[in-house]
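Quick heads-up: structures coming right below.
First subunit A sits with subunit B, and in the next complex the same chain sits with subunit C.
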Partner chain A sequence: MTVMRDQVVKSLVQVEVKANEDGLMPGFNVLVNQLPTSFWNTVAERFMAIAPPDRKADMEKALVNCAYECGYHTGYGIVSSPEFQSVVMPMVTEGAKDVLRGAFAVFTAWGWAKSGVVQVRDGERMVIRAVDYYEADSGGSGLRAYMVRGVSAAFMELAYAEPYPNGMNTFSCEQTLGREVGDPHGEFVITKK
Partner chain B sequence: MTQRAGRKSAIPPAEVEGLKGNLAMTSIPDLLQFLNASGKTGQLLLEKHGDRPEGRTYFSAGALVHATAGPAIGMEALVEMCGWDRGSFAFYDNVLSPKASISMPVQQALMEAIRVLDERRREEARPARQDSERSHRMAKSTRTSTDVLEDFLKVPGVLSAVIVGRDGFVIESAGGSSTVNIEDLGAALANAINGVEEMGSELQVSKFQDLFVEYGRAVIMCRPAGDAIIVVVAPDASKLGIIRHKVKPLVDELSQIL
Partner chain C sequence: MNLELSHTFDEASFRHFVNGHNVVLHCHHYMSLTTRLSEDFADLGGPRVLREATEDSIRPVLDSYFAEHKVTSPADRLDLGRQYFSAMGLGRMEVSGSATEGQVTLRHSHVDEGWVQKWGAHDKPVNHVGCGFVAAMFAAAFDRPARSFQVTESASIVMGAPASVLAVRQA
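On to the complex of A and B.
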């Protein structure tokens, strides 16, 4: 038995997602917003556009880091939530590898990116493929799935680095393919720093 | 008189009345077999184009009795000459052999000479072939899963090929029908493989290696590759044998990639 992605997605789309008066998603204990994806694409596009040529790489790192910070804490909220514990954990038989499969199933269920695990080398390397993600529709040039990059590295840390919150900055993610540049899918390779 | 690079030709065409010609028109084995069948006695003089020295073979009533090629004598000389494919030849009737260095029938001597020649050529080609195989492997390693999946569709009888994660995530697919919901297929396959693996676990046998599901004439074949499962859909189960044989190296290649 391993984590069955379709069962995770079907279970989680039935969970009521409603922020409380503090802007919290009670289930995952994280801040929630209901802004359209085009808003986030526009934010990234404008930040990249205003950065001078010699600072664009730094700006890109900053955008990835925003997603990474968010992904690390939200990811922890997800894997420690009652929903994850009741839906995903009973199917976990391969340890961290299965937790990652479950985490990307959740990532898909919430509509952040239709993505999944292609390869995991325990504690060393992970390859993620995303067949649909909102950053694929963003404007700009080059590979620019900043959110998927940051979140993928964060999930790997939650699975294999020091326990939360001490495992940050252990892994990094490189995007090797992207729908935004005409590839059939996005591909993300996460390795140790 | 043929004159070349300061070296005088051993064959004076103008003075030869009998059998003569060019090796571009015939091969040395054919020539020797002809002289054998004709029961000739005499000397066949061969001149290879290039720097090599000429060769001589001597016949006595159709039997090959002696051969020289530069310093080589007997079978060694015959091996050398069988490798020549350019040059000229002339047969001098009734020239007697100065000695006897070959004692086997012409056919047998030729077969042995060609066998030795082939072996030497294989040996010489080995480093080049190893380099070629290495570069082929390197070329293979640069192939993507998309390239390999496309090759699945070149196997006769394969309708589609899908790479599915153990969790049912459809990593990639090629071919197939647009009416099939590939994500549902991936989920169903992952659930089926899970069941099969649980059965293997209960029975305490090895992990599954092959899974074939037949639906009337159609068949679905599943094989593990790394963390994923390769699924091949074939509409005609009678071709399963050849499909299994042909896709094996492709599955192995995907295992390296995944």
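On to the complex of A and C.
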């Protein structure tokens, strides 16, 4: 058996995310929020819009980094959570590759992107395909799935870099295709730095 | 009046919806870094952009709820906005106000407490998202256009105060 994404998604979607009496959602070693996707898209679109041409690259890098750090810390919280251990780990037969497949199933279940691993070269390279992701709805120009890029690099590090929390800045992710520019799906290539 | 939340999951796209609005789970790291990004680009108006982006993306959520449930009283609308703030995991607020001014007290704040967890206390307020939310809430409550209310933090959890206090003034 290997990790079956849709089965994982269906199990994890049942996990109810509700704020406590303080209006906070502690879980997976982080505080979670549940905001409209339009919020995150509007923020990214307007941040890019205010950046002058000579600072666009810095802004893009900063947007990717926001998701990257989030993906690294929250991703670790996810893969070490009781939910992941009970739902995903019983299906893991191929070590780190399957942990990655499981992490992307969670990525999908949380509403980040309907995505999956299409190719992994152990510790070297990974290709992710996303057939649907909310960032594709954002305004602006060019490839702009900053969140998917950041989180994808982070998940690769959780699987193949030094153990948490020492594995950061090992991989980077480039987006090669995007629904937001008319491609049939988004494609993300993660390679060693 | 209790806020009614209807959560649906689309099996084709695997997207989540609350009361018809596409929503997504993210964490305090993402929120804190996005807030700091706005500060890093303060010379380009980053904090203002973050506030306005929040106001403009929260407003449709509130407007559609009030329309669907036929909520017309400003007091009820403010109270439902308060409940929405908590339902989104942004914290716990107390709110009072009129069409010209108001006050919001945050006993808990995702933005502030997330920032403190990540980096510790800060020397100035950072809850631009909270201010944008409150601006949307007051404008929706009193049927005013966007940017009708100015919201400023006079006390802040991230600076060590026991609660954040947001002053609301008609713009």
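Here is the rule we use: the second predicted complex is superposed on the first by the 184 of 193 C-alpha atoms of A that agree within 3 Å, B and C clash if a C-alpha of one lies under 4 Å from a C-alpha of the other, contacts with A are read in each partner's own complex, and residues count from 1 in each chain.
The definition used in the following text is that a residue touches a chain if its C-beta (ideal position, glycine included) is under 8 Å from a C-beta of that chain, and two chains touch if they have at least 3 such contacts.
Keep in mind the model is a prediction, meaning the values are calculated, not measured.
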Touching partner for A:Arg101 - first (subunit B), second (subunit C), both, neither: first
First (subunit B), second (subunit C), both or neither touched by A:Gln119: first
Partner chain in contact with A:Ala67 - subunit B first, subunit C second, else both or neither: second
Partner chain(s) touched by A:Arg179 [first = subunit B, second = subunit C, both, neither]: neither
Partner chain(s) touched by A:Val43 [first = subunit B, second = subunit C, both, neither]: second
Contacts of A:Ala51 with subunit B and subunit C, given as first, second, both or neither: second
Subunit B versus subunit C as contact partner of A:Arg149, first or second or both or neither: neither
Partner, of subunit C and subunit B, that touches more residues belonging to subunit A: C
Which superposed partner A:Asp132 touches (first subunit B, second subunit C, both, neither): second
Touching both subunit B and subunit C, residues of subunit A: none
Touching residues (chain side subunit A, partner subunit B) in the complex: 1-6, 97-98, 101, 104-105, 116-120, 129, 131, 184-185
Of subunit B, residues touching subunit A in the complex: 146, 165-172, 183, 187, 190-191, 194, 197-198, 226-228, 258
In the complex, subunit C residues that touch subunit A: 9, 13-16, 18, 21-31, 33-34, 37-38, 40-41, 44-46, 49-50, 52-54, 56-58, 60-61, 85-93, 107-108, 110, 113-114, 117
Residue ranges of subunit A touching subunit C (in the complex, touch as defined): 9, 13, 17, 19, 21-25, 28, 30-40, 42-43, 46-47, 50-52, 55, 59, 62-63, 65-67, 69-70, 73-74, 77, 108-112, 114, 132, 134, 137, 147
